Amino acid sequence: MTATSPRLKHEVKDLALAPLGRQRIEWAGREMPVLRQIRDRFAQEKPFAGLRLVACAHITTETAHLAIALKAGGADAVLIASNPLSTQDDVAASLVLDHEIPVFAQKGEDNATYNRHVQIALDHRPNIIIDDGSDVVATLVQERQNQIADLIGTTEETTTGIVRLRAMFKDGVLTFPAVNVNDADTKHFFDNRYGTGQSTLDGIIRATNILLAGKNVVVVGYGWCGKGTALRARGMGANVIVTEIDPIKAIEAVMDGFRVLPMAEAAPQGDIFITVTGNKHVVRGEHFDVMKDGAIVCNSGHFDLELDLKYLAANAKEIKEVRPFTEEYKLTNGKSVVVLGQGRLINLAAAEGHPSAVMDMSFANQALACEYLVKNKGKLAPGLHSIPVEVDQEIARLKLQAMGIYIDSLTPEQIEYINSWTSGT
Amino acid sequence: MTATSPRLKHEVKDLALAPLGRQRIEWAGREMPVLRQIRDRFAQEKPFAGLRLVACAHITTETAHLAIALKAGGADAVLIASNPLSTQDDVAASLVLDHEIPVFAQKGEDNATYNRHVQIALDHRPNIIIDDGSDVVATLVQERQNQIADLIGTTEETTTGIVRLRAMFKDGVLTFPAVNVNDADTKHFFDNRYGTGQSTLDGIIRATNILLAGKNVVVVGYGWCGKGTALRARGMGANVIVTEIDPIKAIEAVMDGFRVLPMAEAAPQGDIFITVTGNKHVVRGEHFDVMKDGAIVCNSGHFDLELDLKYLAANAKEIKEVRPFTEEYKLTNGKSVVVLGQGRLINLAAAEGHPSAVMDMSFANQALACEYLVKNKGKLAPGLHSIPVEVDQEIARLKLQAMGIYIDSLTPEQIEYINSWTSGT
Amino acid sequence: MTATSPRLKHEVKDLALAPLGRQRIEWAGREMPVLRQIRDRFAQEKPFAGLRLVACAHITTETAHLAIALKAGGADAVLIASNPLSTQDDVAASLVLDHEIPVFAQKGEDNATYNRHVQIALDHRPNIIIDDGSDVVATLVQERQNQIADLIGTTEETTTGIVRLRAMFKDGVLTFPAVNVNDADTKHFFDNRYGTGQSTLDGIIRATNILLAGKNVVVVGYGWCGKGTALRARGMGANVIVTEIDPIKAIEAVMDGFRVLPMAEAAPQGDIFITVTGNKHVVRGEHFDVMKDGAIVCNSGHFDLELDLKYLAANAKEIKEVRPFTEEYKLTNGKSVVVLGQGRLINLAAAEGHPSAVMDMSFANQALACEYLVKNKGKLAPGLHSIPVEVDQEIARLKLQAMGIYIDSLTPEQIEYINSWTSGT
Amino acid sequence: MTATSPRLKHEVKDLALAPLGRQRIEWAGREMPVLRQIRDRFAQEKPFAGLRLVACAHITTETAHLAIALKAGGADAVLIASNPLSTQDDVAASLVLDHEIPVFAQKGEDNATYNRHVQIALDHRPNIIIDDGSDVVATLVQERQNQIADLIGTTEETTTGIVRLRAMFKDGVLTFPAVNVNDADTKHFFDNRYGTGQSTLDGIIRATNILLAGKNVVVVGYGWCGKGTALRARGMGANVIVTEIDPIKAIEAVMDGFRVLPMAEAAPQGDIFITVTGNKHVVRGEHFDVMKDGAIVCNSGHFDLELDLKYLAANAKEIKEVRPFTEEYKLTNGKSVVVLGQGRLINLAAAEGHPSAVMDMSFANQALACEYLVKNKGKLAPGLHSIPVEVDQEIARLKLQAMGIYIDSLTPEQIEYINSWTSGT
C-alpha cells in the first residue's frame, strides 16, 4: 500500500488517485484568493529559502494550497496527517506526484502509523513546525530536546493545541516561540465558527442522510466552534440544546435563544449529540445510559476522546456498520447508540473538512505566521505570540477585495474625533 | 450492464450492490415509522391482492419502503425510475435480489432507455399508476388509450405532475381518477419545504464543498420548494435573493426578509442560482450572459429544463468536469458558468434525495391514496381528487406519536364554543 | 364624557384630541399606498352613493383611512369599536371633527356601552356591514331579522368572525352574502402573520419592558397569527414553545424548530404565554396553578376569553396594577400571575395595533369587498364568498409597485409550456 | 419646574410623579436578582461608608436599583443624567422622594442645564465617579485638577467613554485608575448586544409604529451594539444592510448573511438607518442627499453627533413633528428625511432603555467595580483596568442561578486533562 516514487519518499494510499486530487485542488483554489496572492509574493521573495519545514495538518485540498505556497517560498517541506481519518488520499497523491512534496498520510491509518509519521517528520529536523493539535511539538519536547536548537519556532492552528502549549509553557518546556494562529480574528471568527458550523452538519448529513428539521440537537460546548454549530443546526430547523461549563458562555447561549441544560438532563432528550469542547469524555457512560434508543453521537472537536467510546464498546453486545462512517452500538441495556466517524472530527471523517473560503484566511495566517517567525528569528521570547493585528487586518482586507465587497474609511474629521476626548454631550 | 435473475426480469446496474442497498434501506426505515405501520396493516389486509401496479419514482431507500409496503399489500408491482440521474443503484439491486420486486432503472441512463422503461412499465398493464412528474400517465394517454380500461386510477407526487394533469383535464384526456398526493398537507408542507430545503443544499455542498455563508444565493421561485430552499440557505448564512412571477409570493418573500428582484437584476449579483419553479428556461441566455465569472447554477425542480443548458452548450468553448457532478462551461465571452448535476434535480443527482423522515409522510400518502382508489373503484369521477382530510390528519397523528410528541385536544366546553356563534365580546 | 358636535352625533372621548389624531392618521397614510389609490378611484366613481354602511372595527389610524375611502366613495358610514380596549381616542376625535364621520367608540368602554354602540350601528339600518369578529352580524341575526331585507351583504375581517359565520350558516341563519376578507392571501398571509407577529411583541414590550432574549415564550396556537408570533419571538431571542390541537400544525411547528408540548407541560416552563387560538379558556385553572411565580400571560386572539381570567380572579388574594396595562394577580397559592391588557388583544390594548403597511392590504380587501357586494347585488348566494383571486392579485401588484419592487413575468414560451402536458423528461 | 424638598437639594421635573416611578422601579426589580443580592450584601458590609460618589447615568428604573444598592452600601451619592433625553422623570422623582437620593436630571433638559448638572456633581467632590460617556471625568480633568486628589477612581460604562479614556491616557491626563466596566463579558456581551438590539427596535417602533418586515434597515457599525441591532432587525423580518470601516467586522457581517456596502451605496436603498458607531457624522450630507423620500434615520450610539443634523437643518425648508419623537425634515431637494429622537439614543428617547434583565449584569459590574476601587485604594496604577475575571464569572453564575438554569462542572479527570499536554492523538 506504500508507494515510493523514484523522486521522493512518501507514504500515500495510491498515486493513481492524483488526477482526481489535482482536479479538486484546482477547484478549491477558486475560493482561496488570499493565499494565492501570498503564494505569488512568496514565489518572488523566497522567504523560506534553505529552511526545513514540517506541516502536520489535515491533508485536504486547502492544505495543499498552503503547502504549495510554502514550497513556492523556498521551503523544504514535509507533510504529515494531523488525524488518522482526515486525509484525502487523492490530494496526498497529487501533492506527491504533481508538486513533489513528500506526504506521509493515509486515510484510516492506525495510531502506530500515525506516530511513526510524527517521527518521520521530526527526522526532517524542522526549522519551522506548523502544528495542528500540538502532537509534533509535544513529541519534540518529550523525545527530541536536542533538535530544539534547530527550531526557529512553531505555529499552532487549533484551540486544543493552544491549550496544550499553555500547559507546556506553565511546565517550563515551551522554550521557543509559538505563534497562536487560532486566535487571529481572521482565523477563529471564520474557520471555527462558519467553517465548523457548515462542515459538521455536512459530515452528519453525509454519514446519515437524516432530516435535521425537528430534531433535538445537543451541542456540547459553546465556544466558537459550538456557536457555529448551534447556529447552523438551528438554521436547518433543529431544536438546539447547549451544554456548558462556563457560566458566561451559558448565558450567551440562553440569550441566543437556545436551551441550556446540564448534560445529565440533555442526554435523554437529544436525537443527535455533537461535541466541540476540546475536553475529555464530555459524553460518557452516565449519559449514554439514559439516551433514547437510536441516539446519534459524534465529535467535531480536535481529538477523538470527547466521547467515551471505550465505555460504549465495553457495554455493547454488537457493533455494526450501518452506513459508511456510521456504526451502531447495540448496548446490553437493550438500546442502541449510533456513533459517527469513530468519534473523530466528523467534518473530516465523513465530509471534506472546512470549505476553502474559510481556510483561505486560516492558512493565510499560517503562511504569514511562518514568515513572521523567520523575519523575527532570534527576537521572539519563548512562549505564545499573537498574530500581529496588522497582519490580521490585511488578510481581511485582501479577502473582502477578492469578494468584491467595498467598505468605508474614516474621514479626516472622524479620525480627529476618535483621537480627541474633549468634545462630549 | 443489464443483469437478469433467474426469478424476474429487471434492469439494474449491478446485483452485487444489493448488500449496501439492503443496509441503507434498513437504516432509512428507522425514520419511517408511519409507512411501517401501514405496511404491517397492508400485510394483514392485502388491499392490492390481484392488482398490477406501476410505480414511477426516484429509486431511493425511501421508495424501497413504499414498494415493500405495496407488495406486502398484495400488489404485483413494477418500478421504474422517474429521472435518469436519481436512481440509487444499490437500492435497485436490493429490491430485485432481496425483495423480488422488478426494477428497471439505472443511474445515468439515457433518455432512450428512460423511455423504453416507461414502455416496459405500461406493458405490465397497470391497474394503478403511481406517477412522479406524470410521464407514465402522459404516455398512456398518448399511446395506449386501449389500456385505460384496465386503470382504476393514478396518484401523482409532484407539483409539476399536477400542473400536467390539470392541462390534460382541460384538454379532455384525463378520463380516469387521479389522486393529488402533492396537495396533502402532510406531503407538500414537509416534503417540498423541509425535504427540498435540506437536500438541495446537501446536493450543492456535496457537489462543490463551497461555503454558503456570505454567498449570494438566488432562489428562483417562492413556492413551497422555494420557501424551503430560501429558508435553509439563510440558515447556512447565505444572503438570499428571490425571483418570482406571482405578486403575492413576491411580497411574502419580501416580508420574510429576502430581497426580491427580477432575474435580469439578480443574475449579475448571484454566486449560486437554484431553480425551483416547475417552469422552462427560467434562467436563460440573457441571464447567463451577465453572471459573474464562476457563477454556479443548479436546479431542484422536477425537470431538467429550468436552466437553458442548450444555450450554455452552444456558447461554450469548453465543457469540463471539475468535480463529480460539477461541470464548468467556459463561455465564448471569457467567463465561465458552473453547472451542477447536469441541471437535473441536484438533491438526487449529487446527494441522496429527501431525507426519510419527510418521505415517510409523503409515501404514507401514496400508499393510502392507492388504497383509496381501490376502495372507491368505479365511484370516483374522472379528474383530480384530493387526499381526504381525515387521511392527512391521521398521517400527522401517527407521525407525531412516532416522534414522541404529544399535543392537546379540545375540551367539551371548547368544542361547544367553536360550534356556537351567539357569544361575542 | 360624551360630546356632541353641532353637526353629527358621536360618542368619542374628547374632540380636543383631534389634532394628535390627525397627525397620526396622516403619518399612517405613508404606508398605505394601495388604499390611497382605491380611495382616489372611489372619489371619482362613487360606488357607494346612497348606501348606508356600518363598520365595526378597531378604531385606529388605519381604520381611519378605510373610513375615509368609503366616505369618498359616497357611503353614509357609521363607525363603532369592535373591542372595548382597542379604540385610539385621538383618531376617533379626528374622524368626527376633521372628516365628519360619526364614531361611537371610547377606549375602555364597558360591555354595556359596547353593546349599546352595536345597537346604534344597527339603528343606522345598514346596507353593508363591515364586521370584525361578527358581533354586529350576530346581533342583527338574533334581534333585527326585519332589517335583513336592507342588507346587501357583509364582510368579515377575522378568523374568529369566519368561524362564527360558518356556524351561523350551518344553523341556517346566514341568509345573505358574506365576503370572507380574512381568507384573501393579501390579508391573512400578511396581517395575521407579520402584523400580529410584530404588534403582539410590541404590545408585550410596551406593557412590561422586559427582555425577550432568553425567555421561554409559549405561543398557544400555530395558525397564521401563531406562526407570526412564534417567528418574531424567536427573532427577538426567545426560546419558543408551541401548543396545538391540530397534528399537522404541530408537526409544522416541530419542523420549524420549535418545541411542541401539551399545555400542561408547557405551563410550568413558560415565562410569557401568548394565546392566539380563537378558542375559549386555552389557558385555564389547571395551567395557572403550575406556572412559575411571576409568569406573564396575554392574549392576541380576537376575544378576551382565551385566558380564563375568572378563575384567576376567583383565586386571587389581591389584584394590583404594577404598570399600565399590567396587572399582578397574587394567588392564594402564594405565587403570582401577571396579566397584560386585561386579556384583550395585547397589540391593541398596549400598543397601536397592526402596522399600517399590512393594514393597507387588509383594508384594500375590505374596500374592494364592499364594492364587490354592491356590484353583484342580488347575484350572490347566501353564505360565505371568497375575495376573487384577481382582486387579491391586483392588491399585491399595487403593493409591490408602491414598494418599488419589480418582478418577472412569464415569457410566451413559458406560458405555452405550463399549458401543455406532452413534453416530459 | 425645579422643586426643592425640605430634606435634600435636587432638580427633578415633578415630585408628584414619584408613585408611578416607584411602581416601575419595583417592577424592574423582578428582573434584577443579581444586583439585589449585591445590595443585600452591601447593606451588611457598608463598603462605601463615608465616601462621596457621583453617578452620571441614564436615569431609568435600572439605574435606580444601582443607586439604591450604592446607598445601601453607605455611599453619599449624587445622580445626574448622562444624556438630555434619557431621564425618566417619574424615576427621578421617586429616587428623591422615596429614597432620599439627590437627583439632578430632567427629560429634555438643554445643554446648558446638562453642563450645570455636571458642575453640581463635581461640587459634591466625589471619591468615586461612575461615568457613562466620560463627560464628568473629562470635565474634572479639564476644569478641576485640584479635586483629583479626592478621587479613588472612576468606572466607565460605555464603548464611547472607553475610547475617550484611552485618548486621555495617551495625552497623559488620566492620572487615576479607571475601571473598564464595558469590557466585562457580562456587560458588553449582553447589554450592548441583546439590550441595544431589543431596545433600539422598541424605540423605533414606539416612535413610528411602522412594520419592520420587508424594510431595508441599514445598520451603521457592526460592533457589539451593531451586531445586536442587525440580528434583531433581521429577527423582525427586515432586510439588513451593514456598513463598516473595519475589514474583519465587515467579513463577519457578510458571513452572518448581511449585505455589506459603503454608505454611499447603502444610502439610496435604506428605508431606516440606525447608527451605532461611536463616531461622528457617519451619516452626513452626501448620504442624506441620495436617500429615498421619507427615509427614517436614528441613532443608538452614545452621542447625538453620529447623524449630521446640522446639515439637515441647514438644508430643510421645514421641520415638523409628525408624531412624538418623530420629526420630518422637508429638504430643499424636494424629498424629506424623518429623524427620530433628535438623533439622541433612540432606545432611551422613545422607549425605556435597555431591559432590566441585561442592566442587572451591567450594574452588578458597576457596583462591584466601585467596591474593587475602594478595596484596592492606592494600589491601582493610573489608567484603564479590567473587571477581574472572577468577578465577571461570579456575576454570570449568580445570574444563571437566578434564571433557574443549571450547567455542568468539570470532572476531576477533565481538570487533569486540560492541565496536561502529554496525551494526544
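Read from first to last, the chains carry the letters A, B, C and D; within each, the first residue is number 1.
One rule holds for everything that comes next: a residue touches a chain if its C-beta (ideal position, glycine included) is under 8 Å from a C-beta of that chain, and two chains touch if they have at least 3 such contacts.
Here's who's who by UniProt: A, B, C, D = Adenosylhomocysteinase.
Remember, it's a predicted structure, so these values are computed and weren't measured experimentally.
A.B. asks: Count the C-beta pairs in contact for A-D and for C-D, then report the pair with the higher count.
C.D. replies: Between C-D and A-D, contacts are more numerous in A-D.
A.B. asks: Quick one: subunit A (Adenosylhomocysteinase) and subunit D (Adenosylhomocysteinase), Cα centre-to-centre, how many Å?
C.D. replies: Each chain's C-alpha centroid was found; their separation is 38 Å.
A.B. asks: Go ahead and note the Å separation of the Cα centroids belonging to subunit A (Adenosylhomocysteinase) and subunit C (Adenosylhomocysteinase).
C.D. replies: Going by mean C-alpha positions, subunit A (Adenosylhomocysteinase) sits 53 Å from subunit C (Adenosylhomocysteinase).
A.B. asks: Could you work out how far the Cα centre of subunit C (Adenosylhomocysteinase) sits from that of subunit D (Adenosylhomocysteinase), in whole Å?
C.D. replies: The computed centroid separation for subunit C (Adenosylhomocysteinase) versus subunit D (Adenosylhomocysteinase) comes out at 37 Å.
A.B. asks: Of all the residues in subunit B (Adenosylhomocysteinase), which ones touch at least 2 other chains?
C.D. replies: 194, 213-214, 234, 237, 251, 254-255, 403, in rising order.
A.B. asks: Which of line, ring, star, complete or other matches the graph of chains that touch?
C.D. replies: complete
A.B. asks: Show me the residue ranges of subunit D (Adenosylhomocysteinase) that touch subunit C (Adenosylhomocysteinase) in the complex, using the header's touch definition.
C.D. replies: Per the stated touch rule, the residues are 23-24, 26-28, 30-31, 61, 194-195, 197-198, 202, 205-206, 208-214, 231-232, 234-237, 294, 321-323, 326, 351-352, 355-358, 403.
A.B. asks: Which residues of subunit B (Adenosylhomocysteinase) touch subunit C (Adenosylhomocysteinase) once you look at their complex with the stated criterion?
C.D. replies: Those residues of subunit B (Adenosylhomocysteinase) that touch subunit C (Adenosylhomocysteinase) are 82-84, 111, 114, 133-135, 138, 142, 163-165, 167-168, 170-171, 185-186, 189-190, 193-194, 243-248, 250-252, 254-255, 260-263, 265, 278-282, 303-304, 392-393, 396-397, 399-400, 403, 405-411, 413-414, 417-422, 424-425.
A.B. asks: In the complex formed with subunit A (Adenosylhomocysteinase), which residues of subunit C (Adenosylhomocysteinase) make contact?
C.D. replies: 213-214, 234, 237-239, 251, 254-259
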